[in-house]
Each structure stands twice: as structure tokens, then as C-alpha cells.
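Below: one structure, written as C-alpha cells.
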Amino acid sequence: MRRLPFITALAIKNIRRRRQRSLIMVAAIAFAVFIAIYYAALSEGLLANTERNAVLMESGYIQAHLPGYLEEHDFYQLINDFARVRAVAGEFGLAAAPRLFGFALAANGGDSAGVVLRGIDPALEDRVTMLASHLRSGSWVDGRSGVVLGTRLSRKLGAGIGDEIVLLAQAADGSIANDLFRVNGILKPVANEIDQGTIIVSVAVFRRFFVLKSGVHEIALGGRVLDRGEVAALTRVLAARLPGLEVKGWPEIAPVLARVLDSSRGALVVMLLLIYAAMAILILNAVLMGVFERVREFGVMRALGLGPAALFGLVMIENGIIVVCGGVCGLMVAVPLVVYGQSHPIDLTFLAADASSIAGVAIDPCWYTSLTVSVLAWPLGLMAGIAVIAAVYPALHAAFINPVTALGYD
Amino acid sequence: MSFFAKVMPFAAVIFVLFPVPVQAAGIGRDTARARAIMTRVDDLWRAESSHGVMVMRVVTAHYQRNLKLEEWSRGRDESLVRILYPPRENGTATLKSGNTVYTWLPRTDRVIRLTSSTMMATWMGSHFTNDDLVKASRLADDYDPGIVFTGVRHGIDLIEIALRPRPDAAVVWDRILVEVDRSRTLPLVCRYYDEDGQLVRSLFFSGVKMMDNRLLPTVMRMVPADKPGEFTEIRYQSLEFGLVFADSFFSVNQLRRR
Amino acid sequence: MDNIFLLKTGWRSIWRNRRRTLITLSSVAFGLLVSVTFTGSADYAYTNMIDTSATMGFGHVTVAAAGYNRAPSPSLVLSGCDLVLAAAVKSGVRAARLRIVAQAMLAAGGRSSGGEVMGIDPAVETGGFNVFLRDIVRGRMFTPAETRGALVGEVMARRLKLVPGRRLVYTTTDRHGEMVSGVARISGIFRTGVSGVDNGVVVLPLARLRQVLGYGRDEASFAALFLADQRQSRIVRNSLARHFTGIGREILTWRETQADLAGLIAMDRAGNYLMQFLIWLLVAAGIFNTMQMSVMERRRQFGIMQAVGMAPRWIFFLVMAEALWLGVCGLAVGVVVTLPCYLYLRHVGLNLETLIGNDYSAAGVLVDPVLRLRLFPETGLVIVGFLFFIVLAAGVYPGLVAARTRPIAAMRQR
């Protein structure tokens, strides 16, 4: 196309001459792109966060137990080589956190309740789950006698920050374990079991209380964001590397949760497609109108000797410039907002005062956006596709128009 | 974990009281006889009051445990047990008063009232549950006895009595079979069955001795059926009967006094 | 100038560019379809979840002793139940049921498990207001004559090896905090699909539990009230509150007793509305785009109109008349497109069981795997009204631009 520079110049001139209309088209496309990107970012953020929150709330991506521990919860089913598991996990860039569980009776004044004591290593746990960030009030467990209570348990025991509670249990050696503990903190709603009957202590305190020298019941692995495929792959590899241990990914540990997340992903994808459809209609509308209302003008150009190919090129280039401008403007508005939304969520806490849960796991009432390639690529690609398709028909129409008919076209 | 109540009269616990003499018409001869035997057996341990010292040995797959305990009881509803040994748990005491069980923990200086959630938990790390102790004093109300066997078995002339729960008795067993030495009317073994007819555990009696002028088994061994090698054995070192206690003896205040 | 003329002119104007108008109408119709589908399926699902959750114990409205909801305890006893039931019936509830709920230790043979006992009256309870009766998979509900009957969840039944006819011992604390136990014989086994419930709840006869816990004939843990329409919960609560203020009772709606469900619904609804709002914005932008283009194309026409003495506000009204027609026609097309979809999904539904399984619970409530729609009439009106308003609003600026056309400049346009 020798005449490309000429046609391009003509296109730009046309656009500038008809500045107001061009602006309206650019604005419409920009708006459509902006809404689509923003909603896609919100959906993506919601999906990623719901899954990450649910998984990192307390379970972690991958867990290792002795075979049968998950069913029996036998206190004596202990993994004795935490260090080795940790080292193997380290080879795959994963952090490992040990956990211990024991039944106890907790009493505060006249109130008492059966509880599960969960021993964690605060530093290691922090790398694998976000449990510590779900503290509602007070401070986290310490190496002394400070414990953290689930929210409903604290209500049941009538225990507040600073209160001393008594724990009574059978120690590993059969003796009567009993001690006073200080309530350091109370959790937000996390998951049903934790809310209703879990007391979190440090591993050191757990061992002293239960007279347990070594071994752990559960090892949670994580420390970086993993998608489902990575979880499945790592689970397989780790299972092979750790014979004698039962290694399971979170979808196996919490299958209902996994399926619920899958189906909400489905629902969000449907909503996203609808938003894209609305965006497409808007862009289609703008482009079709932009071309068809100028049929008369094209007729004049044809009459002045512009060939069909040139005219077709002109329409496509004009249109292309406008769509690209629209896309760029849309991006320029959307990206800063999406980036802002990554750290400043839409906070719906006021709607869900005391938390809500899906499949027994509390969900985060904050919507963060998430900026991924697909969040930008889909709306922009779709925009480009729609714009081209929408322009081809009228451009052909313009190219092969009979000048006489066109001049009479209004 | 957790404990409570009277350790000892596990026998009393198991056989306890059928203080009501056989009277009701309509009770068959066997039933009447079974009731009489159970009453007699129960009276071995049963007195207005008792005081004793015993050692308890617990063997499980995971630990062995030796305890020395001192026990006081009055009637069927009041008892107090205190740990004498090991030093780590010394002073820990359990008071049973009616259906309520309190534990005093010297380490924390707290009295804890046990709740329903701990009833099925083990008592002092043994093979008994807290529920055994609370339910024990209700055996008379909870079970109907009947003779199922009379004659010689493993070379002993014995009578076997089956205890069946009454329809509204809150007990978990479907059947308890008790073998009684016919000549001395002393218990030999109690076997506990669930509703599948599966033996869940057995309680063996031995070491028949004179204590405070009574001839009775001084050793009781509880053996769970599904845990080979495990058992809990209680051995009386001393036992005396007919003591007089102040009314305040079986109280929460007394519990805290060391 | 009369309105009829405006409407006629407006009608003619929008059809002068048929293609453009059709695209615009389709976008309005699309907005309506999306809104109806999403609002309808959400309203159906929420209502379903609220009703199911109500049948799991607390009803839509709950009357209990003050403080019960915050920290349930057998010592918090609702007394004067007959009065409460009578007042409830007067407030127009569909059903009112007394229930006792207590934490308990459950044991059979050598096995035991923590859980919860719930006392219900077999003479009045039916599957309609009680999920446990509805979901019996083995055995049957105990009759009023069976004073020691019990229903147990499937998971607990498996763990404790329970089948109909077996003994189950429950140990709990009575109203004075004393430990008490009772025995029951399993009559039936239920499966709700919510694992915590199937592994935790044992249903017992109310009268028996009253005896065991030391409750009087006129006492219970709470009264569960069921409404024909869950949206009336607050109204019923308020009307009952007038009867019972200041005498140690609390009257709560499902929003308080099922706070996590209420939270989930609120958040889900917010997400849903956000999506619909964005779609409406896109629809509005499309209409604005159309109208603005069309106004700019016709500057010459508006200039002439003004030159021949037409007042600017009439020109504005003319553009608004076009917007009105776009709205009316768009909604008409929308209704034609939406109605068959709506009716299908309302009466038949889309079975998503293969997609999400049938044990998907949210906020402790089982979710129906069949996608169905239920649009409350007033919600439908709100959607239609709002869409119509949006179309009109999109016409305002182009209308003003048209009205402000300067005759001379405009006529020089070409």
C-alpha cells in the first residue's frame, strides 16, 4: 500500500476535523474498557483472595500427617522428623510449620468447655498461614503462658484479654496436666472449629503442658502463593519424597471448600462474560454509528476519485485510531484505580458485622482488585476484535458505495 | 484426662447397692436370687463409710503410670480421692457429690467442676472413664439382674449373672456379665458388651484378703478388649470401714485443704 | 405544541436511523435480561437458604430468654411459652414451634462424641418446618407415644455405630448446671448434607428433654416462628416486641440468629448489585452515545426549528421524547426476550448438580444445586423503573445540547 501515509494523514485530519464526534466515540470506548477492566480486576481479586484467604486462614496449601491421623486424631500419631520434612520442603521453596493438637478442658470461673489446644510455632506459622493476622484484639501467643482463643469460645468461657483460664488435660505420660494460662488475644471468626473450641498456644507451651518431648501431629507447607495445579504437582512430588507420611493438598483436605470455590469461580466468570458482552454492545454501537452516519461523506470521496481499497483503508484506519485512543484512555483510568484497589479494598465489613462463612471457613468482607495479564488482555483483545468486526461491514459498505446513492443518503 | 470421684470402690461402683430387699411380687426366683447375690457382693465394699489407700498401675501402649491414692467415702453419693504419689500430682483431689464432680488442682489452686464434655474422658489416665464413676452409684437403678449360668467353669464353681439396662437407664452398655464365686460369694470378673454383642472390656477381681474384718478382692484389673497388652490395675493397701465424718468433710472447702 | 406531537415526532426520529435504534434497544433489553436473571436467581437462592436455615432450628423469628443468642446455656430458659405461642399466632406467623437445645456428650457402647441435643414436639413438628424430619434417610420420626425416641445424623450414626433401635446415652447440664443424662433409642437417621449438623445434632422428644433438664411444662430454650415470607421477619419481630418488652426475653430475626448467613447474603448481594450497576452504566453509556451522536447530526434541524420559533425547552422535550421511546421500546423488547427465560427458570430451573455437587453449604446452610429464579414483583418493578430512569437520564445531556443549538451557527453546519 503505497498510499498508506496519505490515507493515514487523511484519517487523522478527518478525526481532528470532527473532533467532537471523535471525542464521544473515544469516551464511549474508554468507558467500556474501563468498566470491563475494573470489573475483571475485582472478580480476579475476589477469586484469588477468597481462595487464598480460605486456604491460608489456617489450613495451609499442603499438609503432612502420619497415615490415619486425619481420621483418628490419635495423640500419639506423631511425626518425629520435622527437620527432614522441613528440609525437603525447602528444596521446593516451601516453608514448613509444625502443629500439635490435644484435647483439654478449659475453665474460667464457673464456665467450662471442652477445647482443642493447638500448638504452633509463631514464627514458622506466620510464613505458612495468615492465622496471626486474624487476631481481633490483644496480642499473639508467646513462649510463656499467653494463649489466643477462638471468638465463640471466648464468649462461652466469658474470658476477655488478660483473664486467667485453667486448662486441664491428660498429658502424654498419662499424668494430669493442668495449668493457668493468660488470654493474650481473641481471634476474629476464622473457621467453625477454631471459633468454637480452639485455644492456640506456642509449641513450647504445648510440649510443657502435655509433657511431650518431641514429635508433631501436622506439618503445614506453604510460604508462597500456589495455584491448584502447583498444589497438586507439589503434593505428588512431596509424597514421593516423604515415604511414610500422608501428604495432602488443601482440595483433598477440604473438598467441599474446593468445590464451593470452583462454583463461585464459575458464577464470577459468567458475570464477567456478561460485563464483556455489555462492553461489546457499547463498542459495536459506537463504531457502527461512527461509520454509518458518514456514508454521505464517503460518497463524496468516492466521487472525488478515491478508490474502494483506499476508502476501506481510510475507514479502518480512522476507526483504528479512535479505538486505540479509547483503549488507551480506558487503560489510563482503569490501571491506577486497579492498582489503588490492590491495597485499598472495598470494605464490606459493615454488611457482615460478625463474619460470614462458606463451607465452614470465614470469608473476608474486603474486596481487593488484582492486576493480572488476563484482566487487561481480555477486555482489550475483545475491544480490538469487536472494533474490527464492527468496522469491516460499514467500511466495505463505504468502499463499494455508489456515489450517487450515497450523496442522497441522510 | 480428668478424674474425680472415688477410685476405689470400683467394685462398689460396679456392683453397688441393691439395698432394697427382694420383695416385689412377679419377680422370678432367679431374679430374686440374682438380686440377693448382687446385694451380698455389693455389701463387701459397701458400708456407711470407708477410708482406704490404694495403688493404681496403668499400662498403655504409650506410657506406664503408677499412682498412690487415698480415698474416703460415705454412702453411695459422696467420695473424695486425693493423689499421694507421684509428687508432681501430689494433692490433686476429686470430690464426687451426687452427680457433680469437682477437681482441685493444687498447681493452679482452682476447683473445676467437670462438665458433660469430659464425661467420656479417661479418669486419671486409666482405662476408666469419669462416666464410670458417676454412673456406678446408679447401677441398682439402671440394671436388672438375672442368673444366666450356674455350675463349674474354668474349674471354679460359679454363678454368672447378666445385668441388663432398664429401658430408661442412661447407660451405654447393652449387657454386663458378672461371674461370682459361689462358695464365697465374691466377684471374679465383669464383662461389658455393646449392642453388637462385642466385648468391650473386662474387669477382673483377685487378691482376696481380709481387710478390716472383711474378706474381699483387693485387686481389680480393667482390660480393654481392643487394646492388647493394656490394663489398669488397682490394688488396695489398706481399707477400713465404719468411720464417722463431719458433714463438711465432703465439701468443696474440704477439697481445697491439703 | 402538544405532547402528542412531541411523542409522534420523537417516534419518527428514532426510526429514521433504524440500525442504530435497534442496537440501542438491544442493549436496554440485555440490561433487563441480566438484571432479572441475576436478581431473580439471587433472591431465589437467598430465600431458599434463609428458609432452610430457619428449619434447622431457630425459625425466621426466634423468641428466647434475654442473652440466649449471645451465649446459649441451659440455664437461660424461656418461660411462659403458651403466651409466646399465642402472641405469635396473633402476629400472623405460619407456624410456631418450641425447642430445647443443649450441648451434650453422646455415647453408645464404648464410643462417644460431643454434640448437641434438640428437643422437639413430635405431635406438631413436620418436615415443612424441620429439616431433620424432612431429611430422614433411614427409620422414621418418633411418634408422640415413643417418649425415648431419637433422630441422629448420618455421620454421627456411623461413628457411634448407631442404627434404628440402638441405645444412645446423652449427658448434658440441666438448668441449674447439674450434670444429667438420659437414654434414647434411635428411631431414625437423617442426612442434611451439612457435615457439622450430620455429625452433631441429636433430635429428642421435647417432653423427655424437659424432664431431664428440669424444665417446666411451659418452658423451652426458645420458640421458633416460621413465616410465609421471610421478608416479614422484622415486622413480626417488632410487633412481638411490643408484647414482650422488658420481661427478660429477646426477640430476634434470622439476621441475628444466623448472623453469618445474613453477612454472606449481604456481601453476595452487594457483589451482584455492583455487577448490575456496571452493566447499567454501560447500557446508559450506549444510549448516551447514540443520543449525542444523533443530536449532533441534527444540529441543522434543531437550528431551523429554533429559527422558525420553536422554544429551546421544546427542543429539549423533543429529545427527551426520543429517549422515552427508546426506553419504552427497549423495555418492551427486553420483556419479550426475558419473559420466556424467566418463566423457564422459574418453573423448571437449571440443574447444576453436576457442577457443584449436592453438599455445598454456605454459612452452614445447604445450597440448592438447581438454578431457579424467583423475582419479587416489587423487585421487578424496581429494575424496570431503574432501567427506564437510566435511559431518560442518558437523554438529558444530549437534550440540553440540542436545546442550546445556536440557529445561525447550526445552519451553516454543512
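We call the chains A, B and C, going by the order they appear; numbering starts again at 1 in every chain.
In this text, a residue touches a chain if its C-beta (ideal position, glycine included) is under 8 Å from a C-beta of that chain, and two chains touch if they have at least 3 such contacts.
Predicted model, so just to flag it, every value in this text is computed and none were measured.
K.L.:
Tell me the shape of the graph of touching chains, choosing from line, ring, star, complete and other.
P.N.:
complete
K.L.:
When the contacting C-beta pairs are counted for A-B and for A-C, which pair yields the higher total?
P.N.:
A-C
K.L.:
Taking the mean of the C-alpha atoms as each chain's centre, how many Å separate chain B from chain C?
P.N.:
A distance of 57 Å separates the two centres.
K.L.:
What is the distance, in whole Å, between the centres of chain A and chain B, each centre taken as the mean of its C-alpha atoms?
P.N.:
59
K.L.:
If you average the CA atoms of chain A and of chain C, how many Å lie between those two points?
P.N.:
26
K.L.:
Which residue numbers or ranges of chain C touch two or more of the other chains?
P.N.:
114, 177
K.L.:
Residues touching two or more other chains, restricted to chain B: which are they?
P.N.:
113-115, 117
K.L.:
Among the residues of chain A, which are close enough to touch at least two other chains?
P.N.:
Each of 110, 114 in chain A touches at least two other chains.
K.L.:
For chain B, which residues count as touching chain C in their complex?
P.N.:
Counting only chain B, the residues touching chain C are 98-101, 113-117, 119-120, 131, 134-135, 165, 167-174, 192, 194-196, 198, 200-201, 226.
K.L.:
Can you check the complex and tell me which residues of chain B touch chain A?
P.N.:
Contacts found on chain B: 1-3, 58, 60-65, 83, 86, 88-89, 92, 103, 105, 107-108, 110, 112-115, 117-118, 121-122, 124-125.
K.L.:
Please give the residue numbers of chain C that touch chain B in the complex, ascending.
P.N.:
103-105, 107-110, 112, 114, 148, 161, 166-167, 169-173, 177-183
K.L.:
Mind pulling up the chain C residues that touch chain A in the complex?
P.N.:
So the residues of chain C touching chain A come out as 17, 19-20, 23-24, 26-27, 30-31, 34, 38, 70-71, 114, 177, 195-196, 259-267, 270-271, 274-275, 278-279, 281-283, 285-286, 288-290, 292-293, 296-297, 352, 355-357, 359-364.
K.L.:
Residue numbers of chain A touching chain B in their complex, please.
P.N.:
Spelled out, the residues of chain A in touch with chain B are 76, 103-105, 107, 110, 112-114, 166, 168-180.
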